[in-house]
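Dropping the structures in below, format is structure tokens.
You will see two complexes here that share subunit A, one where it goes with subunit B and one where it goes with subunit C.
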Partner chain A sequence: MGYDHHFRVWRGDDTGGELDDFSVEVNDGEVVLDIIHRLQATQAPDLAVRWNCKAGKCGSCSAEVNGKPRLMCMTRMSTFDKDEVVTVTPIRTFPVIRDLVTDVSYNYEKAREIPSFVPPADLAPGEYRMQQVDVERSQEFRKCIECFMCNNVCHVIRDHEENKEQFAGPRYLMRVAELDMHPLDQADRQHEAQEQHGLGMCNITKCCTEVCPEHIKITDNALIPMKERVVDRRYDPLVWLGNKILRRTPDRDRSSTTD
Partner chain B sequence: MTDGNGTTTETYERHDFDVIVIGAGGAGLRAAIAAREEGMRTAIVCKSLFGKAHTVMAEGGAAAALGNVNPKDNWKVHFRDTMRGGKFLNNYRMAELHAKEAPQRVWELETYGALFDRTKDGRISQRNFGGHEYPRLAHVGDRTGLELIRTLQQKIVSLQQEDFRETGDYESRIKVFAECTVTELIKDGDRISGAFGYWRENGRFLVFSAPAVILATGGIGKSFKVTSNSWEYTGDGHALALRAGASLINMEFVQFHPTGMVSPPSVKGILVTESVRGDGGVLKNSEGERFMFNYIPDVFKAQYATSAEEADKWYTDPDNNRRPPELLPRDEVARAINSEVKAGRGSPSGGVFLDIASRLPAAEIQRKLPSMYHQFKELADVDITAEPMEVGPTCHYVMGGVEVDADTQQSRVPGLYAAGEVSGGMHGSNRLGGNSLSDLLVFGMRAGVAAAQYVGSLGGTRPAVSEETVAAATEAALAPFAIQGGENAFTIQQDLQQSMNDLVGIIRKAEEVEQALLTLQDLRGRVAKVSVAGGRVFNPGWHLALDLRNMLLVSECVAKAALERTESRGGHTRDDHPAMESEWRKINLVLSLTSTGRLEDETVGLERQPVPTMPTELLQLFEWGELSKYMTPEELEGLPGATKMAPLPESEGA
Partner chain C sequence: MASGTLDTPASSAPPSRRPGGRAAIVARTLRTDNWRKAPILTVVLLTAWIVISVVRVYMQKWYWVEDYHYLTPFYSPCFSTGCVPEAAHFGRFLPDWPILPYAAPSLAVLGLFRFTCYYYRKAYYRSYWGSPPACGVPDLHKSYKGESRFPLILQNSHRYFFYTAFVLSAVNTYDALLAFHSPGGGFGLGLGNFILVGNVIMLWAYTLSCHSCRHLMGGRLRHFSKHPVRYRAWTQISRLTGKHMQLAWATLATLLITDLYIMAVSAGWISDLRLIG
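Up next, the complex of A and B:
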């Protein structure tokens, strides 16, 4: 049943590295992560890799398999021909720490810049009432397992380190949309995405949507609707004027509406 | 055995906090929120990235008697179900607090931004689960754990944003140390004074100084070969507690979830959520028989249907029909599957069939169980809307854990707390599905508040971290690098997993458990000589070499307690003692270290301790007839007003 497969795995650290060749046993039903684990157990005990659930639920095991961003635990070996070399490299957009492990702190920093949910002041816990149809839009985005593959493929930052500062990436632009569509969120998020998180830099190529393992329609359901709303408001002279007048300092102080 | 360069040259980072929370799952995050809200400077330390803890994998839901779907539900019914599920071995006070406080803790999540599935009138929807009398699990499809952990994570972020507005520093009050493993707890005299660990990313050491440590490290399932648990579940918290002088209880009780995937081999053990059965799925053997009707134990006869007709009517008319036996507590279902397979009525890959395809329309299955649909499609080429799944038992959860005070979660060691799966007592001999997520919230919060009060009570006198303890911890952590030509940690781990699975698994016998104890002794010798290839930067071989010490210690606790308890109850089944014995219900097995030092010198001691007795007002929530199945005649006689406790009519939902 088992056979030997030719694997190439990138090994190295922040100072550089190379693709190492391995011949490794593959059995029926196995996924790429199983093979990486077999390499650890038999040939390369210090091979660095992240994983947790092995079931596509935690988003830890992102890597590039033959150049495509994939969850290693959900990539079946049966999708490759037996004589096709399988090349596993770390996610490209984030700096390598070692082997397949990258420094994803960018994502956590961006997460922290998105203003949080603002609960309605007049409702006590237990008094929230929302209809299923109304929560479903945000629920779609909350399926996100934070594998960061959408951020990895987005060309705005993939080869442009300099954009990382201003651009939250699809994952966190989607977070703004999620909060905006939350039926009970009290914050005004109309301009947040555009002005502080770089929505304007997205030119809706949909690469993010294509790689999302949760099949979230990031572009169609989160990014485009936000762009449309921004445009509506921008070109509406009244809204435009109002915005100019009411505009607060860049660090828009929301303390009056929070907590 | 020192590092080649001598350990004295080793430098370390030092961090001072009020409270250290070890673990960033549901329990740890809820504890950290509570501690921070009490004004504590709080650190959260976790082995994986933030947001990836085990809690993220929970599927079915969080149990809380909100009464949204069936208004008859209330804390008393939930309490009863929990005690029954645990076969009355539970710490009654924890079960009581849990049942009473779970609704508040779940509602609170909505104020943090959680979006649960809704009922028609816009409340939180609740689903049926094994052992729960009414639909009780607040859920989001079959990804409830993801919602829970993300919500708590986002609440932490919102608190950090608050702190940023006030102090200009996001991390002024809560700081997350992700991918950082704690290897030792540090004490000053008999009190906790901190913790020692390393960054996985670069192998450098850190010392935390803090008067209070909350363990929220989850479970031990990685010691078994077939498990739904991840690499993180090496029993670190259990072992850290033991080494710090705390005690563990109920370690013989390990939950084997009845439905794990069985095929292909590489996915063996991955969980198939109980929601499949809660939403109508049934179990069948190779003869097509719905076999669970043959396995309803005496103690549950009153609550479970005896025919398929009655069972099927229950989904739409639960008031006038009894529940389907597929929804018996997990230990019962797991044993039943095991028996069917043994009797030669298993599926081709050695499990049984779980059929939802013939029970619900395809679209509904996809809507209610999207991740199960996805999981089977992608990993097993099975379309669950068209064909049955093959399932079998998988090691899932440990009921046993750190012995704690029910109200404060404090262990025997001042300053050391434990919450979530790493603590023991709440679930008795068997946990009901959904009772873990709620447990994390209820006791996570309690631990955070209690730790804060403890720190507050210390005033200016804080326990100190001594240089000797740091030096010893450094030496222990580096030891594997100094050994040349020893074994690879992965090989030893596989041997350990195989032994525990075969010898201390779902069905146990004295000879086999004794054999396991011998094997563990042997493995100790091998672990002490393990060697590590490569350097200290993100080196999984080294990480595992250190985790193995914990796995061994905790496995020994499981085996020792399993040998001692000569009865079968909940998550502990003895082939040679198949009956549940009332005398044993009164006894908790408590484990602690009788000698410490190097791995080879650690000795686990075992004591018997009485299970706390339920006060009358809680006993009165049960029918006399039911209690008589669990308790000894003397206990029953001794109950005040025993003879006057009239049985409740069935319709009151007993």
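Up next, the complex of A and C:
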């Protein structure tokens, strides 16, 4: 049975805006994105919203629903009380274009700053070999749908615009970790993570993990392991001494391609 | 809205424009759930635990039960010359000053182990420091550099406190084994033994679930396939690490229960429920 639900939706652009009130019909089984579409169809034809798959796999419809970063297509209306006002705003960390649509270019710029996979010099394409256990580790990170809700919720840039230049955000620190854990990658990701991508700014408060719609354990499996790898390289004199005594390279696994 | 706003360059923006061209949302947070509950609960519980513990370590009495050889973890290893000789399993060399807890070295190390722990960092950065108080709630500080500079860069020393905490867990295990003692000198078993052993099991679980331990066991490897034993160890530790928060709180509880029980028995407020001896 349908009923009318009280919605507040942010309308505006980069010159200003406000929350507008709407009463919209809601039916069983619907999600917030359905309601936004109904709003477009019936009351606000010029309402801007970005969406694509409606299945939680494209990462396009990121917004903030009652203050929490959510994919609108995966937020069921049944999770709200019928008398609960539902407030939908654009994700806050990135420049707004119009209404619920933001400019997420920051994320693509950060992606471009990370050098891609560097294969061993002595292997030609087609000669790369990896064991299943080594592949599995980074598979989790490849579930990322790039909804950018982790970067949006991360207070390092959400509350401190000035940090955007130095901080790649959890999404791209996870990418650095993925490459650093790759058995064949030859680049020095640990130094880059700390010096160029701002890993030290992360204070592991886990909001990225909390909002991830793919349930990737970003903090436990990417950020903290990456921090520990940086400690190995930069802050652990015992590891340094061990490398000197045993004449090991700082990352002795790195040069090997014999798996 | 005019479609021309789509291409508005930053330089032509009016003065009212938000930093970074963000949406001008007035409310600092629009969260409607009870997001204050977790940080308040954390502050209340952690502060209460710290106050009780500090009071206990400065009491400098009721830490040892002579009949059953129960020693509270807050006084282990007992290094002060003020310690009961039977309770000092590893020598007495610290001066007996009221300001110096009897187990000052281990308390300092264990305190720093928890202070630099990845879970507790999350807990106190959120609840005590408000950076941020909760997800989607603004940071309480105007500027932020995180753990990239002094003093918070020292959080990177966590693994050293893990090493020492590992040794101290072994010391706590030794204490728990010595506590199977009867007043006559032979084997004894009482409720206190279950409490001590339970505490030691939880302490091991918390210590081994440490993220630094997980890294050292196998997380630092790039080729799991070349190190099957370490890979297996990493897999098992990873299971524990997933419960690190729960173990952090559970050990706070077991430490306090163990200490308060031994205090009550030592002070003669209650008698130990004995099964053997």
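In this section, the second predicted complex is superposed on the first by the 227 of 259 C-alpha atoms of A that agree within 3 Å, B and C clash if a C-alpha of one lies under 4 Å from a C-alpha of the other, contacts with A are read in each partner's own complex, and residues count from 1 in each chain.
Throughout what follows, contacts are C-beta pairs under 8 Å (C-beta built on N, C-alpha and C of every residue); 3 or more make two chains touch, one makes a residue touch a chain.
Remember, predicted model here, so these are calculated numbers, not experimental data.
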In the superposed arrangement, does A:Lys82 touch subunit B (first), subunit C (second), both or neither? neither
Where does A:Gln131 make contact in the superposed view: on subunit B (first), on subunit C (second), on both, or on neither? both
More residues of subunit A are touched by which partner: subunit B or subunit C? C
Kindly classify A:Gln139 by the partners it touches after superposition: subunit B alone (first), subunit C alone (second), both, or neither? first
Applying the touch criterion given at the start, work out whether A:Asp13 contacts subunit B, subunit C, both or neither, answering first, second, both or neither. both
Give one of first, second, both or neither to describe whether A:Val31 is in contact with subunit B, with subunit C, with both, or with none. first
So, does A:Asp46 touch the first partner subunit B, the second partner subunit C, both, or neither? both
Touching subunit B in one complex and subunit C in the other: list those residues of subunit A. 13, 46, 48, 97-99, 103, 131-132, 182, 253, 259
For the complex, give me every residue of subunit A touching subunit B. 13, 27-31, 34, 40-41, 45-60, 74, 76, 97-99, 101, 103-104, 108, 111-112, 115-117, 119, 125-126, 128-132, 135, 138-139, 142-143, 145-146, 179, 182, 185, 253, 255, 258-259
For the subunit C and subunit A complex, residues of the former touching the latter: 1, 5-6, 8, 13-14, 16-25, 29-33, 118, 121-122, 125-126, 131-132, 135-139, 143-149, 152-153, 156-159, 211-212, 214-215, 219-226, 231, 241-242
Contact set on subunit A toward subunit C in their complex: 10-19, 46, 48, 64, 66-69, 84-85, 87, 89-90, 92-99, 102-103, 131-134, 137, 153, 155-156, 158-164, 180-183, 198, 200-207, 210-211, 220, 224-225, 227-232, 234-236, 251, 253-254, 256, 259
For subunit B, which residues are in contact with subunit A within the complex? 48-52, 54, 56-57, 66, 103-104, 107-108, 110-113, 115-118, 121-123, 125, 140-141, 143, 146-147, 150, 154-155, 157-158, 160-162, 165, 170, 201, 230-232, 263-267, 270-271, 371, 374-375, 378-380, 488-491, 494, 532-535, 537-542
